[in-house]
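As structure tokens, here come the structures.
Here chain A shows up in two complexes: once beside chain B, once beside chain C.
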Partner chain A sequence: MDDAVIQSYEKQAEALEGSVAGMDDLRAKAIKDFAAQGFPHVKAEDWRYSDLKTLRTKAFSPANHAGETPDIPKAFTDCAARFVFVNGRFSESRSDMGDLWQAASVRPLANHFMANPDRAAELVRGRDGVGMLNTALAKDGMVIAVPAGVEIDDPVEIIHIMTGADDCAAHSRHIVELGEGASVHIIERFIGDDSSYWTNSMLQARVTESAKLYHTRLQEEGANAIHTSKAYVNVGAGGQYHACNLSLGAKVGRFEAYVRLLSDESNATIDGVALAGTGQSHDTLTHISHTMPHTTSDQIFRTVADSRGKTSFQGKVTVDKDAQKVEADQSFKALVFDRTAEANAKPELEIFADDVKCSHGATVGDLDAKAIFYLTSRGIDPVTARQMLVEAFAAAALERIEIEPLRDALMARVGDWMAERKAKPIPENKSRVE
Partner chain B sequence: MLKIKDLHVNVAGKEILKGLDLEINAGETHAIMGLNGAGKSTLANTIAGRDDYEVTKGTIEFMGQDMMEMEPHERVAAGLFLGFQYPVEIPGVSNLNFLRTALNSVRKLNGEDDMSAAEFMKLVREKATHLNMDPDMLKRFVNVGFSGGEKKRNEMVQMAVLNPKLAVLDETDSGLDIDALKTVAEGINVQRREDTAVLLITHYQRLLSYVQPDKVHVMIDGKIVKSGGKELALELEEKGYADVA
Partner chain C sequence: MAGTAEAQKQVQDVTGEYKYGFVTDIDMDMAPKGLSEDVIRFISAKKEEPEWMLEWRLKAYAAWLKMDEPDWAKVNYPPIDYQESYYFAAPKKKDGPKSLDEVDPELLATYAKLGIPIREQEVLAGVEGAAKVAVDAVFDSVSVATTFREELKKAGVVFMSISEAIREYPDMVKKYMASVVPVRDNYFAALNCAVFTDGTFVYIPKGVRCPMELSTYFRINAENTGQFERTLIVADEGSYVSYLEGCTAPMRDENQLHAAVVELIAMDDAEIKYSTVQNWYPGDKEGKGGIYNFVTKRALCKGKNSKVSWTQVETGSAVTWKYPSCVLAGDGSVGEFYSVAVTNNYQQADTGTKMIHQGKNTRSTIISKGISAGKSQNTYRGLVKVMSGAEGVRNYTQCDSLLVSSECGAHTVPYIEVKNPSATIEHEATTSKISEDQLFYCRARGLGEEEAVAMIVNGFCKEVMQHLPMEFAVEAQKLLGISLEGSVG
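Take a look at the complex of A and B:
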């Protein structure tokens, strides 16, 4: 990797000294680790489907506050609070604090460790260059702690907006802590203009006994963006992490979820839809660790790739030796619209217990020609027929979102995406399976 | 209403229809009978405009229009309905959404406004009840988990909702028990009017006891070799195709 790139990031880390109480030591370690290994290469097994060439060859500067006020998108539904980050910086004036503060502790990352600097050591450091750089350069984010027994009914929205940020990056770190029996729904949205920016976001969460974290993500970055984000979640007894990700934007997009099921009856449900237009790459990596007996996980992923689009799914499930009676299901289905579209599936099961039920399935193909003819033979034009079939295909991975207006909004995105494809005739049936 | 002249059709490079002629007028019900492989389904699919059915010679005229110039969905808007031998399962698309999109697509192509949700629900419920279909099945995904009989009944509901001028029913009677057969026959008979026509494609005489055709055609090796009245169906059943033809 280019030394100048590493030096630039070292300088950026140095400049952040003292910006977040308690984080200096962590930052110093993280930037050292980053300098030693740089950004992951496509030759690294986990990164074979996402090429970070752009990041390796030029350093992205810290994004500054935008001069102009970008439009804040309308909420999908009533929210307990809406937190807006512009170019990686928390914008209090554009946020709506709602009444969340009455029920939960909410504060920016910068103040979080002030009282207990030692707790900064609990921050996830990241095991690759992208994660390490997030640890080294994050200075903003939301810390939301919901006390035991408190259920936040309306979702909390975190909106990341990037604007006028050519060659700039935003590294944000959000922390969610749920006390026993607490619950919250976090909606994360990522939007931006056409500048060539990099969003590098991380959310880490602790879901304790019987708590529930719902996490719905909508990635609609600008067309020239790079998007990398990671979720690290630990789930206690009877707790649940319920995530759904819809990836639409960015040139290169990647979402990773690392979930550790740490006690009896804990569950991870992770669904996702990725729609890749021409020249786009969407990569999803999940790793669910079943460390204890009677833990369950369920994943449904559906992706669609148009001409020269690429979608990838790497789903790893590990079951420890004593984690008996585990149930883990994983389903990945991809549509490719022609021979230049690409879909990659890499399910990985590492099972060391002997009494478990684990399943995975992966298919790649085009839309069913018989189904298209059936719809057209009832008077539906071929473009609408295709749209209906793609919506139905994606619905399987979106229907577990419990908030109806949110689910409908995401479904509508899928329909809109297909509608945009009308202009181009879709070449004949061809598919390829790796 | 439908005029087919010297129709030759290739499927996967092989000639299946080899010069077929057929004329159906408004108010008539015709039956085409023949053994497997005679080209009956090829005829149905060609009329509906399915890809992979290559017309190499001949003409199909429907309601005075050249059918070869029309896309499958445009043929439906002009008044054609194809009842499938094997109705397709479509997971994720509800029967109601399917029917409503279909009906409104046809109305749009004919320059009419969308039917209101209330009016549509009333229409569909009425048709489903008439065909002994459990209204709950309307909410389910199209044909998913339906029995053979339920799928065929669903075809009849679609036909009733779309109210075509010409219904081409491909082996609609296959795989039905006697109760389902009677219901389906009832659905077809309701569709027979002065201004409509029906083309039944079938293997057996069975359905024809309930839906009496005006004309019966015998199809062998891609051609119609004999035509007659409804008594021809009984003769076929008795003597077999070889002797009749």
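Take a look at the complex of A and C:
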């Protein structure tokens, strides 16, 4: 990797000294690790489907506050609070604190460790260059702690906006802590303009006994953006992490979810849809660790790749020794629209216990010509027919979102995306030489 | 659960007692210990090879020196000291032309003990009225006997050791060797190119259906030696051949290296069926000793509508690193992979296949069954790749794992990479233990616990076992301890 790039990031980390109470040591260690390792290469197993060449060749400077006030998108539904980050910086004036503060503790990252600097050690450091750099350069983020027994009914929205940020990066770190039996729904949105920026976001959460964390992500970054984000979640007894991710934007996009199921009856449900248009690459990596008996996980992923688009899915489920009676399911289906499109899948099972039921299924193909024919023969035009089929295809991975307006909004995004695709000729009802 | 204990015992029976662990006491010709250009020259001279072969080997050696040992597989073993091994070991032979009658009686006794028919007209032990099987017997570094050559010659089939083929059919060997697995393909393939000592060469001419099953039987005997063999099978237009491969080794405390390269080439409408029962010494119950089996097997379906079918039953070896693959280049070509891998004690197997779809309307089927017991690790690793020009590709993959102890591991690492919309790719994987429901069902119908487990394990492997040629299926089933009555599974 380019030494100048590493040096530039070292300087950035140095400049952040003292910016977040308690984080200096962690920062110094993370940047050292990063300097030693650099950004992951496609030869690294976990990164075989995403090329970070741009990151390796030029350093992204810290993004500044934008001059103009960008429009804040309308909320999908009533929210308990809306937190807005512009170019990686928390913008209090644009945020709506709602009444969340009455039920939960809400603090910016910078103040979080002030009272107890030792707790900074709880921050996830990241295992690859991207994660390490987030640890080294994160300055802003939201820390939301919901006390035991408190259920926040309306979702909490975190909006990341990038504007006029050519060659700039935003590294944010959010922390969610749920007390026993608490619950909250976090909606994360990523939007931006056409500048060539890099969003590097991380969310870490602790879901204790019987708590529930819902996490819906909508990635609609600008067309020239690089988007890398990671979620690290630990789930306690009877707890649940329920995530759904929709990836639409960015040139190179990647979402990683690392979930550790730490006690009986804990569950991870992770769904996702990725739609890759021309020149886009969407990569999703999930790793669910069943460390204890009687834990369950369920994953449904659907991806669509149009011309020169690429979607990838790497889903790993590990079951530790003695973690008996685990049930883990995973379904991945990809559509590939033409010869320049690409779909990759690597559903991986790593099992060290014997009394388990684990399965995964993966399919790749185009829309069923017979289904299109059926719809067109009933007077539906081919463009609409394809759109209907893709919506139905994606619905499987979106329908577990419990908030209806939110689910509808995400479904509508899928429909809109299909409507933008060029009309395609009806495929012949070809019979293959078999 | 009693059923699990039963299943454990059965797998123990399969892999626990190794029946082929004896050593044959015979005078050997050995190369000096270690690996160097001189050793390669020694091997080449011993085998009376032409100059071009030596040069090829030296080039491969130079390439190997610059390569790194792969570390991505889910296997752990201490670093191998390549200088601590012998690269050539051959039973001393008398001068003069070799006929079957002149084969050292010690060797004949060895193969008799292994149940391998080196004398013609014999058939595989235990199978009444079985078809004839031609055998090429490779003992450490050399082929000691090849049977039924005359009869095969009449049909136009060339079946001989690769050393002879280098002398007798140099053009064909030059043309095809390393055309499927390039010299620099991987670390172990490059090593094999530099030091391979023997192996089998098969050529089936146009339109010929090989009149009998061909087989090679590999035996490692000498201490501290590696076995490096090459198999090259060329099936010309419209031909058919079924080829079997078996292997055993003595029980020793140190690990021995086996790094083979197998290349298959199928022309238009040709079909190759390649079956392996791999029963190298797996090491003892504490994981001491055993063979490191690092094998590169690849088939090129070069012609239109050609077909290659790999069937493997993997029960031996301390560490297995093996991915029999098909490059489906010809339009309409078909690749198949059927595998049963059983691991016990401290065995580690990382095995699977690659199906590279290049031609139009190419099809592939992958059925993999892994059974892990003891403290073993069993990994399926496979790739299905569809190139952008490959229209109408169809793939079906199923990999199931059965766990019979709480200390073993079963892993599945499939890769699917598709660049063409007309492809239909399906992949399914499950991991479970024998379900109590299944057991209960069988028991409720009057089956004993043992019978029930046997029936379920038998059923678990059946899809693969039925693809083995009959002669081999008997051996493989014996190996799995599964009798057809479903008594012991």
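We take it that the second predicted complex is superposed on the first by the 421 of 434 C-alpha atoms of A that agree within 3 Å, B and C clash if a C-alpha of one lies under 4 Å from a C-alpha of the other, contacts with A are read in each partner's own complex, and residues count from 1 in each chain.
The working rule: contacts are C-beta pairs under 8 Å (C-beta built on N, C-alpha and C of every residue); 3 or more make two chains touch, one makes a residue touch a chain.
Predicted model only: the values in this text are computed from it and were never measured.
Superposition of the two structures on chain A shows chain C fitting alongside chain B with no clash.
For chain A, the partner touching the most residues, choosing from chain B and chain C, is C. Of the two partner chains, chain B is the only one touched by A:378; chain C is not. By the touch criterion stated above, A:403 is placed in contact with neither chain B nor chain C. Superposition on chain A places chain B within reach of chain C only down to 14 Å, the least C-alpha distance between them. Common to the chain B and chain C interfaces on chain A is no residue.
Taken together, the chain C residues at the contact with chain A in this complex read 4, 72, 74, 332, 361, 363, 386, 388-389, 392, 394, 401, 403-433. Considering their complex, residues 368-371, 373-382, 384, 388-389, 391-393, 395-396 of chain A touch chain B. Considering their complex, residues 45, 321-322, 324, 334-366, 430, 432-434 of chain A touch chain C. For chain B in complex with chain A, the touching residues are 48, 50-51, 71-73, 76-77, 82, 84, 87-88, 90-93, 97-98, 101-103, 105-106, 109, 141, 158, 162.
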